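Next come two complexes built around subunit A: one with subunit B, the other with subunit C.
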Partner chain A sequence: MNITVKFFATFRRGREKIVNIEVERGSTVKEVLDIVKIEVDEIAILLVNGRDGTIAQLLNDGDTLSLFPPVGGG
Partner chain B sequence: MQGYNGKILRINLTTQSVKTEPLDLVQAQKFIGGRGLGSKILMDEIDANIDPLSPENKLIFVTGPLTGTATPTGGRYMVVTKSPLTGTVASSNSGGYWGAELKFAGYDAIILEGKADKPVYINIEDEKVEIKDASSLWGKVVSETTTELERIHGSKVRVSTIGPGGEKLSKMASIMNEKSRAAGRSGVGAVMGSKNLKAIVVRGSHKVEIANPEKLKEVFSRCLSQIKENGVTGQGLPAYGTAVLVNILNENGALPTNNFQTSLFEKADDISGETMAEKFLTKKEACFRCPIACGRVCDMDGVEVAGPEYETLWSFGSDCGVSDLGEIIKANNWCNELGIDTISVGATIAAAMELYQRGYIKKEDLGDGPELIWGNAEAVVEWTKRIGLAQGLGAKMAEGSYRLCEMFGAPELSMTVKKQELPAYDPRGIQGQGISYATSNRGGCHVRGYMISPEILGLPEKLDRFSLEGKSEWAKLFQDFTAGIDSVGLCLFTSFAMGADDYADLYNAVCGTEITGNDFVQAGERIWNIEKIFNLNAGIDSSQDTLPKRLLKDEIPEGPSKGWVTRLDILLPEYYIARGWDQLGIPTSTKLEELGIDSKLDSTKV
Partner chain C sequence: MLNSNANTRHNIRYSRQIIMDEIGKEGQEKLFQAKVLVVGAGGLGCPVLTYLVGAGVGTIGIVDFDSVGLSNLNRQTLYRTEDVGKKKVQAAKETLVKLNEDVTINTYSVRIDVDNIEELIKEYDFIVDALDNFSARYLLSDACYFQKKILFEGAAVSTYGTATTIVPDVTPCYRCLQPVPPADGITPSCSDIGVLGMITGVIGSIQALEVIKVIVGFGKPLYGRMVYFDGNFLELQEFEYEKTENCPICGKNPTILELEQYEIKCKMKIVDKE
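Right, the complex of A and B next:
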């Protein structure tokens, strides 16, 4: 299945802003993070389709992951 | 008592009298300083029903006990007055260096009364205080005024000034210090303009006395480590400033777009902190004793100018459908030069664009101005200028979004609370922010209780942004805690890394007291309650503790927050209970007694 991963702030260093990756059906957020080489403890905000996501969450075809490191407030 | 200078400067501009008075230290401790002390003075000294732009209004510049001390971000000051925009108490916070300098000159606060018969400015050098002619400065923009006053009084002075916006009494006028730091909101600059006061120049040579310097060193070093180690204050804000929020809010589907008609902006990345860092950022800038340095300096056609904050990227950007970051930087710069508030100005242009979209504003109303069409970056820059200079339709827009929409027969299109423009977070997708907006004592505002912290950023813990449970209690706690921070003289951003006990420890080290974290938050609650009493006495009751109809009735039409409205029907009654107020939102005598408040509600007004 196809997952879109969007990177923000310092996660963009050395990466594209958005990547599409193919993963096996039944993959979790953690498995996608392993592929894009981001450690769980680097992440401050993790959204799946714009809603709060979890590391163990099962993904569906077409899902979008948005990943933010610690960022500012305002 | 250390921390406080123990001295207030009172200047009557009508009679030109200048007096110093002792600070009431009992009241000062009870209301901490800054916002709290200023509100208490305002409450005691003016009738809440006066016209805010009349000589009867007072304009209070007030520091906190930690302003000017070796504490992290210890340079903040507050401008407290009755707001011409909202009719509520106004307290606008600013950073930079001016507040610390006022402390060094030996004062805790300046109370300005009356009205000068011609333009004047005030020059303060320690004990020497002069009221001087400002005829040649009147009409000048902020940078020119500041440079000219530095030329006259020396480059080491600190200048706080209004621009043409304040002179022309725009209800969105700000007061600017060090050219680009703003006491931005609620039209405090118009009150200064109404008094014919152009600027206050300060130079001080004293040090603020510290009760326990050894203890302060220890607490300072602990708080500094917390700030450095915290993800938001140690990495996020230094790297991207507040601008990084653009993409975060958009990814959550809570970035208000086209005057809140939707909350998803396709081109958000073009106006984001990431894009700003990549294409426009030249350097960072810090206020007095700030280890965070969230301030941005950007390139504007080869000139270095202050960069826009998140709120500004939103107001001139997605709220107006604009994706040209270079033009937003120009609009931001015009706001700084003309002395007008970027949030209210951008949001008012967005409201004007919707009035134009729906045919309330007609082409002939525009004069020779650019068309108010979504996404028209040129219109955003040009109308900002015309608002600051009160030209043509710009003069009507300078009254703010609510009065503009009312003039054109569509007040429901104004996205305001208590006539003040809402900022950059759609409360339909962030329920706790909704109750915080609706109950803010100065109208639409994000920094009276920043529920974005738990609901979006996950600090101090992550709350489900759609859940209603406990949100009213959370909002109350954030409001009270914030009132404390605004009063002590530190920057609100420290609260991402510091808790109530940390502020209490800093206060104790500086002032030689022994308050607890709970005492600190309770002082914040006391401040919140006297602000509320001022508003009730000014005739602003709970019917105004609400949100624009759009946010209560119209669901967000698309994106991750699709289908949501703000559930104020549930949150507001819970909020009044959390506050210990009655169901009409009036503080009960039990609550006022518990807080030791002797200021009286005027029962004829409520």
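Right, the complex of A and C next:
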């Protein structure tokens, strides 16, 4: 199945802003993170289809995963 | 009661706002009656303070323990080179009083901690998070939750930033989105990876706009919504987020029942230690 991954802020460094990846049916968010090489504790906000998501969440074909690192400066 | 000269000056000073359907005389009076505390007088605090004082918010508190440094001046627009070394709250007040003497400005040259934060926010209706680190952000957002204060969140580094507005028990809280502080060494601070003044300017302006909207009661505030601004790509994106049932502070079974102090180290501090 096809998953769109959107990267934000520092996650865009050395990556495209958006990538489409093919994963096996029944894959979780964690499995996608492994493919894009982002550690769980690097992520502050994780959205699946624009809504709060979890690491263990099962993904469906066509889902969009959005990943934000912590932003706390000012 | 203003005498007629003062009344004329007042009407001229705020004429560009009073003429707006969204504000009017009633809205301007609401602004004058409001008490806003701005925590942090740095990159975000400077535009927030400038616009709130200019708009005629009646009482403004400024909290910052720090002094003006030369490396602040690319973005902290309330300060001049001659202010380097001065306490930020003092230098900020000097500039802001010249901008609008109608506004009462209270200054607090302290570092926020578990012992003083509740006392600091107590007298204010609206709190602006213009801080530069997660340790203080979690402390402030928790304190605002416990005291039921509306919190205007904003954060910026490098070429991007975020903003959202939090009403305790009504909207999702800061911990609904980010339940626990980030681990040591994960978070880049402005001193780690830099920041452009235009970015803190954009995010601080969004925060100030949110304050005005909520005080006066117009538009659609960032309740349960976060905006992400990326100056590199000139993108402004919005996403919705919801209250989390297992949120450690506003969820069904909260585990945080009192203020906690965190010490979270940014990347540079980790490197310094090694």
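Quick note on the criterion: the second predicted complex is superposed on the first by the 71 of 74 C-alpha atoms of A that agree within 3 Å, B and C clash if a C-alpha of one lies under 4 Å from a C-alpha of the other, contacts with A are read in each partner's own complex, and residues count from 1 in each chain.
Here is the rule we go by: contacts are C-beta pairs under 8 Å (C-beta built on N, C-alpha and C of every residue); 3 or more make two chains touch, one makes a residue touch a chain.
Being a predicted model, the structure only gives us computed values, none of them experimental.
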Partner chain(s) touched by A:Asn49 [first = subunit B, second = subunit C, both, neither]: first
Contacts of A:Asp41 with subunit B and subunit C, given as first, second, both or neither: second
First (subunit B), second (subunit C), both or neither touched by A:Gly14: neither
Subunit A residues contacted in one complex by subunit B, in the other by subunit C: 8-10, 12, 17, 44-45, 47, 50-52, 66, 68-74
Subunit A to subunit B touching residues, read off their complex: 6, 8-10, 12, 17, 44-45, 47, 49-52, 66, 68-74
For the subunit C and subunit A complex, residues of the former touching the latter: 40, 42-45, 129-134, 137, 154-158, 160-162, 176-178, 182-183, 186-190, 193, 195, 200, 203, 226, 228, 230, 232-233, 239-242, 244
Complex contact set, residues of subunit B against subunit A: 230-232, 234-237, 239-245, 247-248, 251-253, 269, 273-274, 294, 309-311, 424, 446, 450, 452-453, 456-459, 462, 464-465, 493, 496, 559-561
Sites on subunit A touched by subunit C in the complex: 8-10, 12, 17, 41-42, 44-45, 47, 50-52, 66, 68-74
